[in-house]
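First, the structure itself, so that you have it in front of you.
Going in written order, the chains are labelled A, B, C and D, and every chain counts its residues from 1.
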Amino acid sequence: MKKLIGDVDDVVLDTLRGMAAAHPSLRVDLDQRIIVRADAPRTGKVGLVSGGGSGHEPLHGGFVGYGMLDAACPGEVFTSPVPDQILAATTAASGGAGVVHIVKNYTGDVLNFQLAAELAEDEDIEVVPVVIDDDVAVQDSTFTAGRRGTGATLFAEKAAGALAEAGGSLQDVAAVAREVNERTRSFGVALTACTVPAAGRPTFELGADEMELGIGIHGEPGRERTRLRPAPEIVDVALSAIDEDMSLSGSEVLVLVNGMGGTPLMELYVAYAAVAEWLGGHGVTVARSLVGNYVTSLEMAGAMISVLRLTPQLTELWDAPVETPGLRWGR
Amino acid sequence: MKKLIGDVDDVVLDTLRGMAAAHPSLRVDLDQRIIVRADAPRTGKVGLVSGGGSGHEPLHGGFVGYGMLDAACPGEVFTSPVPDQILAATTAASGGAGVVHIVKNYTGDVLNFQLAAELAEDEDIEVVPVVIDDDVAVQDSTFTAGRRGTGATLFAEKAAGALAEAGGSLQDVAAVAREVNERTRSFGVALTACTVPAAGRPTFELGADEMELGIGIHGEPGRERTRLRPAPEIVDVALSAIDEDMSLSGSEVLVLVNGMGGTPLMELYVAYAAVAEWLGGHGVTVARSLVGNYVTSLEMAGAMISVLRLTPQLTELWDAPVETPGLRWGR
Amino acid sequence: MDTRRWIERFAELVAADADRLTRLDAAIGDGDHGANLNRGLRAAVEALGPDLPPGKVLMTAGRALVSKTGGASGPLYGGALRRAGKALGDAADADATALAAALRAALDAVQQLGKAVEGDKTMVDALTPAVAAYEAAAGDGPAAAARAALDAAEKGAEATVPLQARKGRASYLGPRSVGHLDPGAASTVLLFRALADAAGEG
Amino acid sequence: MDTRRWIERFAELVAADADRLTRLDAAIGDGDHGANLNRGLRAAVEALGPDLPPGKVLMTAGRALVSKTGGASGPLYGGALRRAGKALGDAADADATALAAALRAALDAVQQLGKAVEGDKTMVDALTPAVAAYEAAAGDGPAAAARAALDAAEKGAEATVPLQARKGRASYLGPRSVGHLDPGAASTVLLFRALADAAGEG
């Protein structure tokens, strides 16, 4: 295992230490393991909290700040946070107007956030959870755990954060996050596996000319293994899967070409060139785009494409000023 | 070779296509292979141009925009651009007040920029080159090609760009870039090699428990190969080398923990925690910091640390608004 | 029935087998089940104060598991033990009949939280037959009942191999989840091995 | 002396050997020397219009190399050929004496641009003895002179192996650059092999 880390058992703590040192605009509580906006809680503002396993940086801690999250709670690598920790983040974010939980749809995240919400209600904090499940690689049926939450998480945190900053109500902030989720679809591919520090070996083995289609963000293998293909073909697989699930033709979209952590920007731009061409050729207008490593899976090589069908309000919320370590514009 | 690309021969062109599609604020000329600010040239403003081999993204093209570069000219992967291309960028950037070339100190870059400057002078554009050579891993002597240009390039582009935006003169803009270079030292390590697409195989082989100390940004091996060490020890090697060359104690610094392309943010924060601790323990005040992938070497895993001894003016120039794909704040 | 010894033994077995559990989870999940349970159970054992009644032991351990494990298994095992502890109440002793009821409550808790049914390729596939076997053999005393439960848990776990997962992370793999032992079912076997060991000692 | 054939042959040899040149460069540089020269020389051959005098051929090729190669080798080889072409002037023919002077001018250009001296482990280590050998054998005619130059270039290139680099990227490696053949010296051997081949044909 080749990682720039110290003690494997301390990797999350050391990450938090680094974030604390690098970002004076954040309040990092190493004991509670939460990352909080320096000015939280803001009285009267709806609080926005998210969290999940570590290893997806900058998600979620890197999205704490003006116009986005009030607090984040990172669990162990690829392991959902525990209820006490989620509660601490919720309390830190609570300005009396309620708190929205953005929860990626994994059994562990859903259960732990649910328990935390119960604890928060004991402390008279109203919590509305929004579950994100945008990954089309997984069949959505009552016979599965449902779809995974991936790139839509970033979109939901941005839109809900902007609305909360603008004074939106608890119900409205939750509703916009839900709307973003409903209008977003994602599909990811992996060229390499990744290694959970505590495990010390890759979660799966891939041949030199193989790739995984339909991966998640936890180092799990995908739905299908195929031979390595050129970027335009991969993009076609991903966008066709998305388009089949949610027809894109005629819409204005926000598109994210998201690196999984080990893929350099150069390749993401190459992929984005293919994405832009595909969408243009299918009658889709790209109104906004984002290319980079935002929702990662440790050092996995690969990319995930997320497409959000915009509305005028969602475009406005996307464009609204944001000031976080991971996403910043307008101030 | 596992890369998200199409035809290997088109990788630079495809990257430019992607950048063009993703960033409407840039004018990308695919024939000339240059990336230009949409509003360039600005009459009376000193132009700022940089370029070099591709494979270092977001450097340089990702730093074109308000408060930073006017134009960038990316060569083939790890290969300096050619004079005609540099001339095209220079012409595009020229608003009549002269153009500063930020040139990383590699024989090829220096020679090609020199030839381009001669061509530009034939067209009555005054060009002042500033050569960046901040890498302490290389002995600086008249018997070598001199030190390599690495992280200081980003700092110089930011400072010179801010000063040019503020109306600084040709000589002043060049002088501040030179000053940044003189006050910056860098040291990098690699945990893995990287693969130039056209070559198809890694530039060197590293054992599972080996790393390279004192690497550059072109996939070359470093000065020394050692066993893999924990992040705090690596940081100590890097900062000791920097400190020995330019004493840091008592100064206020801007520090960059820069990923080489394949190392995820989590590990960079872990490294930054160690950096902050080391500097604090050695009487150095970290006034500003930046953690992320800015000056990369394709998909190489590893990190480079750059330290700039700030002055009040340099802090101000660093804080000034910037709006580029790779670096953005204040607007 | 010494529930404290049960939990301690469960922690020992998981610590010894953490690597295998993690490897099972890497194959069809995210490679952290062993680390998760190990972390949670260390906290659970630490949380156990002296001289607690059997029900209180399970409630305390369950709460610690919920607080420290994370992932899906934390709330599920934690909720199960808490509910089992609640079922035992404040009684100073827990005989086989009481434990049978407690185990049933544990199973109910897992199913309420996780919504999985038998055949979904989860810990429920080991837990369900184990609880039934314990109930059926409760009349023969705690040691015999625990051995029967262990036997059933092992068979139930083994039976997850050919199944396609419908709950938890493994469900993302679709047909590719077939042919692997479910890690949660594997750790449930350890839960009943610990019960059998503890009952056998006592 | 047919300089056009010389350049075409150089392009052929580099195309055939690009992989080896790149591998040499990967060992102590950045792994692009073969690709660079190959790209540049393809452009150079394309740039050659019909019926150019020998000097003009070299100037045109040199300019194309500068325009299309990039890297250190582009300006160096390009500058060398341009200067050699200039030395030949507009003459319709280039005999061995004229070519000797042109090669000397090429070497001067490389050294003016790159500031390397013999022993720095660069193309200069092959070019310097090759030019001297050509000059010394010019009296025996272009074919014999070119063969002598090739011989000297090969020896000069081989002699870079034990050296520590003091110019170019290989200098970054310090002592680790010892034990490797310099890629630019290797391509200079091809330049003289092409010259020998072209002179032998003519």
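Before moving on, here are some points about what is shown:
Assume a contact is a pair of C-beta atoms (placed from the backbone, for glycine too) under 8 Å apart; a residue touches a chain by one contact, two chains touch by 3 or more.
Quantities reported herein were computed from a predicted structural model and do not represent experimental measurements.
Contact with both chain A and chain C is made by no chain of the assembly. Centroids built from CA atoms put chain D at 54 Å from chain A. Averaged C-alpha coordinates put the centre of chain A at 29 Å from the centre of chain B. Averaged C-alpha coordinates give centres for chain C and chain D that are 75 Å from one another.
The distance from the centre of chain B to the centre of chain D, with each centre set as the mean of the Cα atoms, comes to 32 Å. In chain C, no position touches at least two other chains. Of all residues in chain B, none touches 2 or more other chains. You'll find the chains touch as A-B, A-C, B-D. Those residues of chain D lying in contact with chain B across their complex are 22, 26-32, 35-36, 39, 66-76, 113-114, 166-169, 171-174, 176. On the side of chain A, the complex with chain B involves touching residues 2-7, 11, 14-19, 21-22, 54-55, 57-58, 62, 191-192, 208, 211, 228, 230-232, 234, 261-277, 286, 289, 291, 293, 296, 298-299, 301-303, 323, 328-331.
Touching chain D in their complex are the following residues of chain B: 53, 75-84, 106-108, 111-112, 114-115, 137-139, 143-145, 148, 196, 198-199, 201, 203-204, 216, 218-221, 223.
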